[in-house]
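In this document, chain identifiers A, B, C, D and E correspond to the written order of the chains, with residue numbering beginning at 1 in each.
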Amino acid sequence: MPEQMLFATEAALNGLMAGVMYSLVALGFVLIFKASGIFNYAQGVMALFAALTLVGIQTGQIPFSHLINAIFGTDLHHFGWELPAIVAIVLTGLVMILLAVLIERIVLKHLINQEPIILFMATIGLAYFLEGFGDLMWGSDIKKLDVGLPQGINETIDRVTYDAFGYGFFIDNLDIVATVVAGLLVLTLSLFSQYTKYGRALRAVADDHQAALSVGISLRFIWILVWSIAGIVALVAGIMWGAKSGVQFSLSLIALKALPVLMLGGFTSIPGAIVGGLIIGMGEKLFEFFVGPMIGGATENWFAYVLALVFLVFRPQGLFGERIIERV
Amino acid sequence: MLDAGRTETLLEVNNIEVIYNHVILVLKGVSLTVPKGGITALLGGNGAGKTTTLKAISSLLRSERGEVTKGSILYRGQRVQDLDPAELVRMGVIQVMEGRHCFEHLTIEENLLTGAYTRSDKGQIAADLEMVYSYFPRLKERRRSQAGYTSGGEQQMCAIGRALMSRPETILLDEPSMGLAPQLVEQIFEIVRAVNENEGVTFLLAEQNTNVALRYAHYGYILESGRVVMDGPAAELRENPDVKEFYLGMSDKGRKSYREVRSYRRRKRWLG
Amino acid sequence: MTDMTEGYTTADGRRIGPVLMDLRNITLRFGGVEAIKNISFDIREGEIRAIIGPNGAGKSSMLNVISGFYHPQEGEVWFRGRKRPPMKPYEVARQGIARTFQNIALFEGMSVLDNIMTGRLTLMKTGMLSQAVWWGRAQREEVAHREKVERIIDFLEIQSIRKTPVGRLPYGLKKRVELARALAAEPKLLLLDEPMAGMNVEEKEDMCRFILDVNDEFGTTIALIEHDMGVVMDLSDRVVVMDYGKKIGDGTPDEIRNNQDVIDAYLGVSHD
Amino acid sequence: DLMIPNLSYRTGPYAANGVPYADGFTDYFTLLNERDGGIGGEKVVVTECETAYNTEKGVECYEATKGQGALVYNPLSTGITYQLIPKVTADNIPLYTPGYGRTSAANGKVFANVFNYPANYWDGASIIIKDILNRNGGDISGKKIALVYHNSAYGKEPIRTLEELAKKHGFELTLLPVDHPGQEQKSQWLQIRRERPDYVIMYGWGVMNAVAIQEAVNIRYPMDQFYGIWWSGSENDVLPAGEGANGYRMISFHGTGSDYPVYQDLKKYVYDAGKAAGDGSNPGNVLYSRGMYAAMVIAEAIRTAQELAGHSNVTPAEVRDGFEALNLTEERLAELGLPGFSQPIQASCEDHGGPGTAMIFQWDAAAKKWNPASDWLASDSEIIDPLIAEDSAAFAAENGIAERCN
Amino acid sequence: MFYREAGDFKTSYVEDSQTFPLRLDRRAYYVLLAVAFGVVPLFINDYWANAVFVPFLIYAIAALGLNILTGYCGQVSLGTGGFMAVGAYSVYKLMTAFPDVSIVIHILLAGLITAGVGLLFGLPSLRIKGFYLAVATLAAQFFLVWLFNKVPWFYNYSASGQISAPERTVLGHAVTGPNTTAAAKYLICLTLLFALAWLARNLTRGAFGRKWMAIRDMDIAAEIIGVNPLTAKLSAFAVSSFYIGVAGALLFSVYLGAAEVGEAFGIQKSFLVLFMVIIGGLGSIFGSFAGAAFMVLLPVLLKNVLVGQLGWATDLAAHIELMIVGGLIVTFLIVEPHGLAQLWRLTKEKLRLWPFPH
């Protein structure tokens, strides 16, 4: 049935777009994994923290006002300013860099040469901490994030497709923006890791901390660098997702949508993050579209994982991940 | 040959103690001096503490949960034991770690290039790369292979080549001969000597192959269970009867056969 | 050497039996790299067979073929007179082939004792339920195997480190533990990949003694890769030489020592 | 003292909803303490315990507070409610779950200690359908109605009812589950866009609500054909969508806004005295009102208990009796400064579920307030009563409970 | 000086491989057992049982299970929540279908069923390794939760999909349902934990344990020395899932009494148990206990101190509690990456040397 085909196409297109949104989160994971072999569980919380900070700065919220009020019995709320979005974004970017520096100083520095699972665990600790810290700093109410991104159906596409097929496709403007941003990010980051000596250093660090140290690669510098970039990627993800659903705790759970993407694309591949996102996004939407109704729906969560799992059985390192070296 | 007394001391290790995991005491007061422009050998049996000494110097101990608890390490008269390993590399000290430690996902060439991480002179780096390839033609053949898939000896070459790429002032070599074919062992030591003589690079090498090491080194220290038990100019050590017996495997009648060893059981036990 | 299918007796009176492992026209490729090119050789029961050659010649790859980790594209492996079908490594191990590794492959998280006990896994039969209950069968089996392992520990003189986690051991001792683990499997054929790398003469002497004793007392057949020509020449009954994946020599140590191809490719000047 | 635990959640994924509710709950008791010196002369002590909407923490909170003489529980979570039902029954403490929890607990014959008046999930579904019926002149046969629901015990509650109603009224029901937390609902809304159901009903909670409303705006689904159950209709849910949310319909069993006289007292005794529970941004909004509603009913039940018992320092068992004997009249509501805030309740041994009435409100995006869009509507007891009977009978059978009230 | 092994000679291999080789440790262990079984039940009340002991005991079982898989066999799994759900739903179905059979049998059967499911989801581990496997196990987590949520048969067609545990007794004492006493809950969990810990200890000290650890430390080498990775990994998955299934069954039937799959057995449960294992110490039975104790007790303790003692607002306290827990996790990892168990071992090593520093 042609109508069914149209619907499926629309679902697939939207899936691709949703996939891009997942990729934005996955990208942060990839960067850090690539540079240090750390599976950064805190990436989702970092996105939340970035978004909270952005809104806080933009609307002039006084940080920790709740705590201060509780201790001193004051009644502080806002500084009373409204900053332009761009200024707030830049300031938040700086905060994320500061955060990267602190994380390196306080946590990573002491965990050089530890097993990956220990580092993973440390990032979970970090996630806990940041979650509490973010809430304490900015409060746990829902915040509206408004940096002027367009949202809602794209009229042009709707009209054009309607004229062509008699059925207007729904594509969200926000998704289009996200796609453009993600494309740019992937491009820049790929170039960075491919063509600079830092790119090589990143991969060296991921392979062997000690050896990297021994050739004079400063782990501290590399880590601050990638965690800063990952922080900024988290900010971008936070902005996109925050615009979609408001800024509050659940934002940190988008990490779970990024994991299958990561797995499918390969933990170490920047382009993998985007390709994986596209496949996952489209796959889960199409599955939900065709099979979902038969088995009761809400299949997206597990389907993404199962899809990735099936891929992995054939390519254990993901689509573009580095081959896992097995030798004796 | 260099005379330790006459030249400037580059590296000085004063009576250091090293503890792993807060409980395992490994070095019990090791002191040594490395003269500028010399080749100093660190000899001793398994577990004597050679690797630990080198790691203490290059600040890599901390990443193994080891710690220098006493004594001091001075490089060019400056205390270096709290420095970041990367800073030490920038000061000109680089270590070739025991057990190769190549970046296995990087190709051989990329491995070599990371050696030049601290440098920015592009043209010179390319020239040095060619130099390393000329030392180790085998590496050139395998330059595009991921290091993880190369043979043990190839990895060892890669590790040494990588250190050379950083144009250091001092190289700490941990068991450079391990796993290398005999003619390569000679070759490596020839390279060491050449680099030392032509470019004035200082070497401190831990080596089990006492025979070769003492032929190329100027001065030697012998470590036994965390202590320096003997030191002296290499030529003297080579002539020392104990060294001859236990480290060089020479008996009065020249080299003894490994098959004969069976008949006499570990005499050293009684010798103490 | 006279070829006798039924074996022969060596100068020192050891009995060498018929062919145990026969490799016929083995070719192994990794993508474009041909690591082994059409090599054939055999290993006789009770003999010590050395494999030598420059770095990257394909020696370790050859051991990997024998132990079933690499599957050659061409050629046949005959073991105990039967052609071996393609097998998983653990199936090969269960046929009585044990080995040590060039890059030590001990289980770092376990104690020395546990590591050696893993060597006996192929011989332990208790099921999961009796294991879980422990008292009775499992305990009896454990004790029986422990006794065997203790004999190996005594034999290799590593009693004092029995309970030490292997991660803490120095390189040389690790090699010894690896040998112990391989011995624990009571193999017919023991493959040793550079068992003496990183040891000084004295330690090598110890290792040699162990190898000879194993060969003597248990009649274990040994295939050995080693770069120390002294060791190779003294220990082995026959030597096969590889270069760039090709076989360039095969014969008794004396024959090899004087083989011009081998001298050119590997030995360089004669080493003694 | 009267110890009333407040099992609230001010952290975790549902914090944004938990906070205003907890504030309203606490503020009302603060008001009683400050203005009246408590209830019947006894000070009320509200002990907050953070559950983060997590069932295990809920159990821990229950155990921690029950030893301190807790009089009644109101955990604001269907999950925690299910866990507490057997426990409160064994400990003989009342459990008050207005508008949530286990629907069949309305049957007092089986659930002695649980009260969920004035309305439950099934009432909610039925009343929404009734409003739709009213708007369509009583005939909705052939219409398509979609249910977008939180894919959890809570969200699944109305399905049976809606299926029964679909049979009765001949409409077509589409089920669209949304997994927790519900940030990604593209599939569901694309399906709605394709199938153009005449009405969409939402049973959501947390971020799911806001995202759904935003998606509805994105696909230009007509807002006044979009209904939310009471947990899907707070300011948090509609504000992010801005103008687009104008006209969104929400059902509630109590009024909203701060125009009720009680707010003057609240301002005087609580807010201005610096004793407000939260940051002061919530009074008058929907969830705050609901928290206050729950507190008010509990206070009235305690008052009833005090009258019945003849002493002021009542026990949990006596409060349970108070709940069962509660008679909350319109006059009483007016006296409390909440005229017309909700419908009267006359509880009894059998009836723990109340009148089952609610009202439809509509969001006015420009004024940022909810406007009533219907009268008080009653649910279709013809459908609901048998369902309740059936479900509670099953529970009674499984747990060997003999019916009371005979 | 006081804590030493001097004079504590072993004369047989059996003695040498005892769980507690030091006499002092052995005594401490017997005392602890006596207190746990003999004294605690006399004094336990509902609060201590429900807020502290019962969750601790149940999570210790789960942690033991995950430790077998992750700590001993090196396969990181994030499917724990899903497997616990299998245990819970199995026991629920069994309890309601065969009301006359003993609950203990049901719980063990639930464990077996979970073992089967675990085996199935363990299959990909033959190909997929490391974090890839960890993420892949999430497929099990999400799929199982979806399944139990979706198929009404699993929850006996109840309106909301909640399952609740009817009353069942052991030796005449209720162990599930509302009338269970604190002591009964505590004792059934303790007994199961004790038995399972003992089995785990036996499994891990013998051939199976060594197989698992060999796979963990270097799977290729393990295969070459004769370990069949298929049976080793799958047996670890099965045993581990058995434990986790039992834990899930207990969590639902004895502890919570009612459960909804997405909430009670969601992904955060998987993470929680993983924390326990890592914080406690990978590859250590003691570590499983220590980790479970840490992750169960710390929040309760902090909550009591911050809210109870200091009287802070619950939300502030909750935020600060998160920060403290997170901070402590990081601190512990920095101090001793190998967990509380290793910290304990090192302390003992130091004690042995005491008063000499090395």
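Observations, loosely collected:
We take it that a contact is a pair of C-beta atoms (placed from the backbone, for glycine too) under 8 Å apart; a residue touches a chain by one contact, two chains touch by 3 or more.
All values derive from a computational prediction rather than experimental measurement.
Steps from chain A to chain C, minimised over paths through touching chains, total 1.
Counting hops only between chains that touch, chain D reaches chain E in a minimum of 1.
More inter-chain C-beta contacts link the pair A-E than the other of A-E and B-E.
Centres computed as Cα averages put chain C at a distance of 75 Å from chain D. Work out the mean CA point of chain B and of chain C, and you get 29 Å between them.
Between the CA-based centres of chain A and chain D the separation comes to 35 Å, rounded to the whole angstrom. Look at where the CA atoms of chain C average out and do the same for chain E: the two points lie 42 Å apart. Counting partner chains per residue, chain E has residues 146, 149, 220-221, 224, 313, 315, 318-319, 322 touching two or more of them.
Residues of chain B in contact with two or more other chains: 24, 149. For chain A, the set of residues that touch two or more other chains comprises 66, 135, 140, 296, 298, 301, 327-328. Listed by chain label, the pairs that touch are A-B, A-C, A-D, A-E, B-C, B-E, C-E, D-E.
Interface residues of chain D, counted against chain A in their complex, comprise 10-13, 15-16, 19, 151, 175-179, 181-184, 186-187, 190-191, 193-194, 206-207, 210-211, 214, 217-220, 236, 239-240, 244, 274, 279-281. Residue ranges on chain D touching chain E, taken from their complex, read 8, 10-11, 15, 19, 48-50, 52, 54-56, 59-60, 62-64, 66-67, 78-79, 82-83, 85-87, 89-90, 102-104, 151-154, 156-157, 159-160, 179-180, 387, 391, 394-395, 398-400.
Residue ranges of chain B in contact with chain C, taken from their complex: 20, 24, 43-48, 51, 98-100, 138, 142, 145, 149-154, 156-157, 175, 178-186, 208-211, 246-249, 255, 257-259, 261-262, 266, 268.
On chain E, the positions that touch chain C within their shared complex are 12-14, 17, 199, 202-203, 205-208, 210-211, 213-214, 216-218, 220-229, 235, 239, 283. Those residues of chain A that touch chain D in the complex are listed here as 7, 10-11, 14-15, 17-18, 21, 65-66, 69, 73, 75, 77, 135, 139-142, 144, 151-153, 170, 172, 241, 244-246, 248-251, 253-254, 257, 284-285, 288-289, 292, 296-298, 300-301.
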